[in-house]
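Notes to accompany the following structure.
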C-alpha cells in the first residue's frame, strides 16, 4: 500500500481514537494520547535545536558560520564575540541544580534572571502593544461628513467609548466609601461585557463547527475511500 | 441492558450524539439550501470577471495563508476562486507566508484542475502554464516588501516550490515586476497577514487591486478595509464561498454542486442545533427536570 | 544576590527601550539580536528539564510495571521515533544545503576572479587555477550513480550538466570563468531537483511523513474538532436565563449565530449587519477595555517582578 | 499610531504617572483604612474549591496551560502558592500539568516554598508535577486524560489561554470537578464563563493573590493597580474629548499621539516611533 494511503488510514484511526474520548476515557484514547504527547515532546526538542540552538547559538559560537573562499580569502568572518554565548548557556544550565537540594539556590538565580528579563520585556511590551490600543480608542463622539453630522458613525463611536469606559470602570477593586457612581458604571460595564462575551461565543461557534465539519468530511469521504481502496487492494 | 444504556447516555453524551448526527447527515446526503446573497462576494466576482485574459505577461498573485484547521472555511474559498481563475484561463502564482499552508498550496490547484479536466475531457490545465506554486516564503512583511520592490518577480523567486528554475517556466513569459500583477487575492485565517500585504505589496508607482477572503470570526475587521476601499472584494467565511459558488454556477450552468454550498448548509444546521440546545437548556432549567449543576458564576 | 541577578535580567531590555535608537553615536542595534539570543538561550537551556521529567515519570512507571506502563512505553517510543526521524531529516537537509552553499560559493568566487583578477598575494592565473580546481573537486564529490528508488531522468539531467561543466573546466581560462559559472548554476539546479527526488523516496522521509502527517497532524486536528462538540454542550448548559447578565449573554449569542447562517435571513434580512455591528462596536470595545486593564496590571506586575518589590507572587 | 520601539519623553511621562502610585502612594492620598475592597465572587470560589476537593478526597489540579514566563505567570503564582498551602494543610494532592520546562521549574519552587511554609515540605510529591508538552492540543489531550484518570475534584486554570481553553474546562466538567478559571485573554473568557464555576476576568487575575492575602502589602498592591488604571481612564477621556473637539472646531486631531511620539534628537539622529 502506498505511503499516502497509509497516512490517510492512520490519520483516520488517530482521529477516531481522539473522538472516542467523548464516549468515555478509554484505553485506546489513552494510548493515542500518550503517543501524541511523545511525538510533540520529540518534535519540540528537535525543532528547538534545529531552528534555534544550532544555527543561532552553536554555529557562531564555534565559528562554524565562517565562510572561506578556495584561495583562502575570508568571505564571512562570523562575529568575533560569538563565543560569549557560552556564558548564558552555562548560566542556563544552573536550572539543573534544582535536582540537588544543596545547590538548588543556584536554580533560583536563573529563575530570578528569567523573571527579570520577562519583566523588562513586558515594560517595552506595554508601549509597543497596549499604548497603540489606547490611542486608537480616542474616537470623536461627533463625526462630520461634509459639514453634516454622520449620525451612524457618531452613534457607533459613542457606544464604543461608553462601553470602553464602563468596562474599565468595572475593574476598579478598591474605592473610598461613597463612590457609588463607579459602582453603577461598573455594573453597567459588567452587563456590556456579558453582551460582548455572548457575541464572541456566537461567532466562534462558526469557526469550531467548521473545523468539526472538515474532520467529518475527512472521515466520511477521504478515509472511507482509502479503506475501500485497501479492501480492494488486499 | 437497555436501561443501563439509557443511564449511560446522559444529557452530555446525548448532545454529542446529536451533534454527530446533525452534522453527518447533510454531508452525506449533500443537502444544500440556497446560500444567502453576499454583496461583498459579488464585488469580488465582478473584479475577477473584469481581469483581461488577452494581455500577455499578466498574472494574479494568489496568497493562501491558512492551515489545515480552517480548511472548511478558507479551503472552500480558495477552491471557488481558483476554479474561477482557471475557467477564465487567468494565469496565477500561488504562495504562502505561513508554514502550515505549504502542503495546501501545493495540492489545491491540482485538485481543482483535475476536477475541471474530468468535466471537460478535451480541455487541459497544466502546472507551469496555467498556474505555478512558489511555496512558503518566510519573513512575512519583509519578504512581501522585497517581492513588491523586485525588478523581476521570477528572478526574485529564482526557483518554484517544485525545484524548477523560474526561467524555464512558461507562465512567467513577459512577467516582470509587481506591475505584471493584475490582482492580489489573499485568503487567510490568521490575523495580520492581510495587513502585511496592505502595507508592503505595492511600489511607488503601482498597487494591484486587493481581493480578500477571511474566516467568519474576522469579518468585522475585514469589513473596515472593504469600506475604506483598501480591498475591492471580500469573501466572508463559508457563506461568502457558498455565494461565490452560486455565482459560478449561474455563469457555468454545467457546474456540479460544490462542497462550499453543502458545508454552508451543514454549518447552518449546526448553528440551528446549538440554538435549539440553548432553548432546550432553558426548558430544563425552568421546568427543572434536572436543575443545572451549580450556579455558573463569573 | 537573587535581587541583583533579577535586576540584571531585566536591565538590558529596559535600557534598550529607554535609550533612543541612536544616543550620541552609540546604538544597541548591532548587538540587539545577539544579546536577545543570549537571553533566550538561558531559557532554552532548561529544555532538558522537560525531557528528564518525562523520562523520570514514565521510565519509573515502566520499570516498576505499575499501572499505565503500556501507554508510557508508547509515549517514550513515539518520542524517540520522532526525535530520530525529524533529527535525521534535519541532518540530511543540512548536508544537502551544504552542497548547494558550496556551489553558490564557487560561483561567487568565479565571478570574483573573472571581475578583479588577482590579489596582492595571488596572480589572476593562480586564482583561476584554484577556482577551476575547486570546481573540479566539487564535481568529484557529486553522486556518481543514481539511487535505485530516485527519479532516474533527474539523475540523467544531473549527469548531462556535470559533463557540460567538466568540458568547460577542461578548456578553462580566466575568460571562460563566466561560462564555468553558468555550468555550475545548471549543475546546482539539476542537483537540487535530483536530491529532492532522492529525499522524497527515502525511507526516512516515509517514516517521518507517517509520524508527522499520519499521527501528529491528525491528532491535533482531531483534538481541535472536539471543540465542535464541547461548544454545543457548553451552550446547552450555560445559557440559562438566571439573571439579566445571562439573558444578555444568550441574546447576543443567538443574534450573532442567526446572523451568520443562511436560515437567519429568512427571519430578518438585517441580521448579518446586526451581527457585524455587535462584533465590531460593543464587543471590540469591551475586549479592548479588558486588554487595557490587564495591560496596566501587567506593567505594574512587570515592574514588581523586575525590582523584586513583593514577598508574594513568583518571588524566586 | 504604531507602538513605541524606544522611549520618548511623552512615554516616560506616562510611565511615571502610571507608576507614581507604586513609588509615592502618599501622592494618591493612600491610607489603609480608606481602602474598601469590592467583592469578586471568583476569589471566594478558590478556597471553596480546594476545600471541596479535600472533602471528596480527590486531588486538586492547577495549570497555567501554555503561559510563558512573564507577568501573567507571576500573577498566577500568587494563587498557586495559596492553593498549594491549603492542599498541604488539608493533606491533599496537588497536580501540576506543565507545558514549558522553565515554567515547570518556577512552579515547583513555588509549591515547595508553600509546603515548607506550613511545615510539610516532605509531603511534596515530585511525581505530581506532570510535564506534558508545549504543543497546544497535545497538552490539552494530556490534560483531559490526566483529569479523568486522577478523578480531580478541583481544577484551577490561570494564565493566558487560546483555543484549548474550552477543552480544558470541559475536561473538568466531565469529571464534575469544581473549577476556577482566570485569564487575561478576553477571547477565552466566554468559554470559561460557560464551562467553569467561577471565572476571573482580565486583571482580576493579577488582583487575585492580593485578595487572598489581604495584608497591608496586598492592599497597597491593589490600590496601586487601581490608581494606575484610573490614570489611564482619565487619559482615554481626555483623548476622546480632544478628538471630539477636533472634529467640531476643526483643529488638527491626534494631539496626544503626537505628544507621545515627539522625540528630541540625540547626536543628530532623528527618531521616529
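Per-chain numbering from 1; labels A, B, C and D assigned in written order.
Keep this in mind: a contact is a pair of C-beta atoms (placed from the backbone, for glycine too) under 8 Å apart; a residue touches a chain by one contact, two chains touch by 3 or more.
Just so we're clear, the structure is a prediction, and the values are computed from it rather than from any experiment.
When every chain is reduced to the mean of its CA atoms, the largest separation from chain C belongs to D. Across all inter-chain contacts, the pair with the most C-beta pairs is A-C.
In this view the innermost chain, defined by its CA centroid being closest to the centroid of all protein CA atoms, is A. Averaged Cα coordinates give chain B a centre that lies 36 Å from the centre of chain D. In whole angstrom, the spacing between the mean C-alpha positions of chain C and chain D is 29.
Chain D has its Cα centroid 16 Å from the Cα centroid of chain A.
Taking each chain's centre as the average of its CA atoms, chain A and chain C sit 14 Å apart. Residue positions of chain B with contacts to 2 or more other chains are 12, 16, 19-20, 23, 68-69, 216, 237, 267, 270-271, 274, 293, 295-296, 298. Residue positions of chain D touching 2 or more other chains: 5, 7, 69-71, 73-74, 101-102, 105-106, 109, 133-135, 137-138, 141, 149, 173, 186-187, 189-191, 193-194, 201-203, 207, 225, 229, 232.
In chain C, the residues that touch at least two other chains are 16-17, 43, 46-50, 54, 68, 217, 219-221, 223-224, 226-229, 231, 233, 235, 237-239, 245-246, 249-250, 253-254, 257, 260, 279, 284, 286-287, 290-293, 296, 298-299, 301-305, 314, 316. Contact residues on chain B toward chain C in their complex (touch as defined above): 11-12, 15-16, 18-20, 23, 33-36, 68-69, 159, 163-165, 216, 219-221, 223-224, 237, 239, 242, 264-265, 267-268, 270-275, 277-278, 280-282, 285, 292-293, 295-296, 298. Against chain B, the residues of chain A that register as touching in their complex are 22-23, 190, 194, 203-207, 209-214, 216-217, 220-221.
The residues of chain C lying in touch with chain B in their complex are 189, 192-193, 196, 217, 221, 224, 228-229, 231-233, 235-242, 245-246, 250, 253-254, 257-258, 260-265, 272, 276, 279-280, 284.
By the touch criterion stated above, chain D contacts chain A in their complex at residues 1-5, 7, 11, 14-15, 34-38, 40, 68-71, 73-74, 101-102, 105-106, 108-109, 132-135, 137-139, 141-142, 144-145, 148-149, 186-187, 189-191, 193-194, 201-204, 207, 210-211, 219, 222-223, 225-226, 229-230, 232-233, 235-237, 239-240, 242-244, 246-248, 253-254, 256-257, 260. Those residues of chain C that touch chain D in the shared complex are 16-26, 43, 46-50, 53-54, 56-57, 60, 68, 219-220, 223-224, 226-227, 230-231, 233-235, 237-239, 249, 286-287, 290-294, 296-305, 309-314, 316.
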